[in-house]
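Chain nomenclature is as follows: A, B, C and D, assigned in order of appearance, with residue numbering initiated at 1 for each chain independently.
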Amino acid sequence: MWLNASCFLEFQMSVPTPFLLMLRPRSGWQQWIAREEYVLSPSVPVVEFTDSFGNLCQRIVAPAGHFSVRTSVDIETAEASDTAPGAPFVEVQHLPNEALPFLYPSRYCESDRFTNMAASLVTGRISGYDQCSAIVDYIRDAIRYTPGDGQQIISASELNQLGHGVCRDMAHLGIACCRALSIPARMVVGYLEALEPMDLHAWFEAYVGNRWYTFDPTQTDLKGGRVAIAFGRDAADVAIYTQFGDPVELLNMDVRVQQMSGPPY
Amino acid sequence: MWLNASCFLEFQMSVPTPFLLMLRPRSGWQQWIAREEYVLSPSVPVVEFTDSFGNLCQRIVAPAGHFSVRTSVDIETAEASDTAPGAPFVEVQHLPNEALPFLYPSRYCESDRFTNMAASLVTGRISGYDQCSAIVDYIRDAIRYTPGDGQQIISASELNQLGHGVCRDMAHLGIACCRALSIPARMVVGYLEALEPMDLHAWFEAYVGNRWYTFDPTQTDLKGGRVAIAFGRDAADVAIYTQFGDPVELLNMDVRVQQMSGPPY
Amino acid sequence: MWLNASCFLEFQMSVPTPFLLMLRPRSGWQQWIAREEYVLSPSVPVVEFTDSFGNLCQRIVAPAGHFSVRTSVDIETAEASDTAPGAPFVEVQHLPNEALPFLYPSRYCESDRFTNMAASLVTGRISGYDQCSAIVDYIRDAIRYTPGDGQQIISASELNQLGHGVCRDMAHLGIACCRALSIPARMVVGYLEALEPMDLHAWFEAYVGNRWYTFDPTQTDLKGGRVAIAFGRDAADVAIYTQFGDPVELLNMDVRVQQMSGPPY
Amino acid sequence: MWLNASCFLEFQMSVPTPFLLMLRPRSGWQQWIAREEYVLSPSVPVVEFTDSFGNLCQRIVAPAGHFSVRTSVDIETAEASDTAPGAPFVEVQHLPNEALPFLYPSRYCESDRFTNMAASLVTGRISGYDQCSAIVDYIRDAIRYTPGDGQQIISASELNQLGHGVCRDMAHLGIACCRALSIPARMVVGYLEALEPMDLHAWFEAYVGNRWYTFDPTQTDLKGGRVAIAFGRDAADVAIYTQFGDPVELLNMDVRVQQMSGPPY
């Protein structure tokens, strides 16, 4: 499936303000970027680097006044996300080193506090993929998905008490429960085709059956048409923009995802 | 200053259990390891790798029954930790890429919730080193240091409510406040000569004046004689051992640090 | 300066053939990529990874038959390359770790055989930038630049005997002489605006005065308008495509660089 | 098999001299270091870092006068090196990213010049491990092993003309021929128990059958008792010491390897 996905951000700043951006999806085994645009207006110097999760990050100082970021990609991605019911749990000693950081608790995924709850959610399930599915089923049932209502990032245990949240929060809860079972789980921020209402999206991946599989507690069917922008332990690692210093005003944010008839040529 | 530092851990396990260990200090610009021992008993295969913070980590599967780990180092380290009153704040755009992960909130350092408190603690201080000092002064005053009482790891905000904690918890609070001011701060686990009572220790480092400086809220004088074993965002990254699966019994833990008269030859 | 740079490669293969491509310039402190296209025809799965020099590399298996790669970038780059006559030599103990691999001899830069020659070329020059300039002056005088005549990659010492070569070979000689003086030097493959005849280009960078500076033995004036595609120790590290197995036919290669009136919006 | 391996280096310097050392073996899946000593005399500041091949490297400035380095390890290593006749060639598209740098020509392994020779050496052999064996058999027959006679490092093609060389040179030839067949091959520098005459040793590893296997053209039987100190593309990457500036005098070098009756406790 070919998609064009774009994100437009518009800020108003009173003073020059340092930003860290994470808006450049990378080609990988899951997706191929055939065309990309990344326009800063006004144009400012940018330094790009790769963080420890492999994300391309951009460092800028945005000038005082009006500032906008426009990114757009033409990308080939899978029609459907792979599923693997029955895929087995991977013993910790057999995990690749790269998966290990995703076993530990993190800012918004207090997996150290979910040992009992995770165990009870997966009673009777085969270790591995089916445990993750049981966790996702629980979240879909127990937590009301309230898109657009996510100004403050909340953690897995806060969400569990509150009972409703946005995609990011629901991913946190899924991740925390997986890690509590020694299943590596990581946050993905990206685009999802036909998401309603359209916005940036967040879901999670769990490492079972010797690879990462996609899980999305907000969707009853695990749809394809996904564009991964950034990977991390939780929302603290994958903010599409982080701004330092005095708060700035986000005037506008516009996200669009459209199917293309084919590759861009 | 030459030190011999050693750590002995003794476990009893009912089933073979995967472990991740982080007990091998690395030589660096701060310390030189002249002699090292690392003995597993019984001897089992070990895979060693470097994590994203540069720590040497060991992966093992400990057999059922009795299992012990004995590490010992002869190390040269500074008599006194460097201090730098007045050292300036480094604007985010001038930080090295490596310092950026230490700006974000993490599991036990919810810096996103400390914006107001950190600002009030440093009122009137010069930005940078002196802000860190003010934070450490506050922790020393407000939090009672209760070594030996730290079974459960608690976070900066939990410590702030509780009012007493161990070195690790106090470091969490210092880190959270620094990050809330956009000062990179990281956890250090290691040995400290003449610590009373002797145990593994934790403190933190903040990046000001273009380098990392040592801060230790548990000590009125910032003593030298430190041996850094591991660096990370908080206690979730730098556990000296992490055990997966059913809980195991730690029968014994013995930490010793002794001054040597000189290098080991 | 805004440039559009593009490279079109067309192959004919008798069997499916693994390729490693290095055709995706990265944004960095020197250049900002505002728009990029990378089209494989027919479309095949691609895995992208970052090599140890920071280059984005693409792994594909090209199908039997006709295969083409079309890449295009809109990029902002400097009007003029920085120069720094008099910039000092950096003592090896003060070099950043990242510069150290560029001190050693490599496949096409046998710096271990250039100790005497390099010393004689720089007699009387201030250590550092001016030594690099003297080396480049020598190459311009002693070696005839014969663009388009470079089927086989030759090494610094082979070029020195032969007396004529392409940009890549001349860069090898410059790198070998710099390294023989303990100055880190690295190969750059990229585009150069207004190069005559237009083609991909190669030049080198030397680390003096605490940063990398551009040197180009093929050009009497050190022109700006450069787009770095890949960095490495020599041509063995930075081939824009490496093909494994039976040789394939490169039917066509078309490189274009054009000035743009401004950013692409 | 438990070994104690040690290396003593003694230098005389007229001026302070920067050194890069690579004398600290790492624990890995192949070997476990239970005790280690690394003594510089006189004691000087050391900075340690990990290079892109995973080797621990030490940077020092040795003072004028007499300077010595003494390293010693107690290590557990395999009695016998694994062999795998018939293990298959791994198609380039299925190699792990980490193996790719070892496919390219390097300073002393001009694999680009060995295509025909390598093909002729392996005529009739099954692709993979057996091709490597055929290459090693050829080297053993065609090249006279002359330990102790290796002041200047020579390349694979130089060795092929000369007809005799040291372990390092013979490894270069093996590596060049493997890479010419698209088999990743890398240099190993280390200790070998019962080597005659005792010295540091070099051999190579080739990636076939989905892992690295050991090959040693200097030994008729592929003995175990190996301690890997450093890995690289060829001798240019793995010098146990590299000295910059005016040449220094190596007064003494003493290498010892002894079997231990068991672990050091």
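We adopt the following convention: contacts are C-beta pairs under 8 Å (C-beta built on N, C-alpha and C of every residue); 3 or more make two chains touch, one makes a residue touch a chain.
Predicted model only: the values in this text are computed from it and were never measured.
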{"item": "Shared chain contacts [chain A and chain C, defined touch]", "value": "none"}
{"item": "Distance-maximising chain from chain C - centres being C-alpha averages", "value": "B"}
{"item": "Computed distance of Cα centres, chain B from chain A, in Å", "value": "30"}
{"item": "Euclidean distance of C-alpha centroids - chain B vs chain D, Å", "value": "36"}
{"item": "Distance from chain C to chain B - Cα centre to Cα centre, in angstrom", "value": "43"}
{"item": "Sites on chain D at which at least two other chains make contact", "value": "none"}
{"item": "Interchain pairs in contact, sorted by label", "value": "A-B, A-C, B-D, C-D"}
{"item": "In the complex, chain D residues that touch chain C", "value": "18, 20, 49, 51-52, 57, 59-61, 91-93, 97, 100-101, 103-107, 109-110, 112, 153, 182, 236-237, 242, 244-245"}
{"item": "Chain D contact footprint on chain B (complex, rising order)", "value": "26-29, 32-41, 43, 45-48, 50, 54, 56, 58, 70, 76, 263-265"}
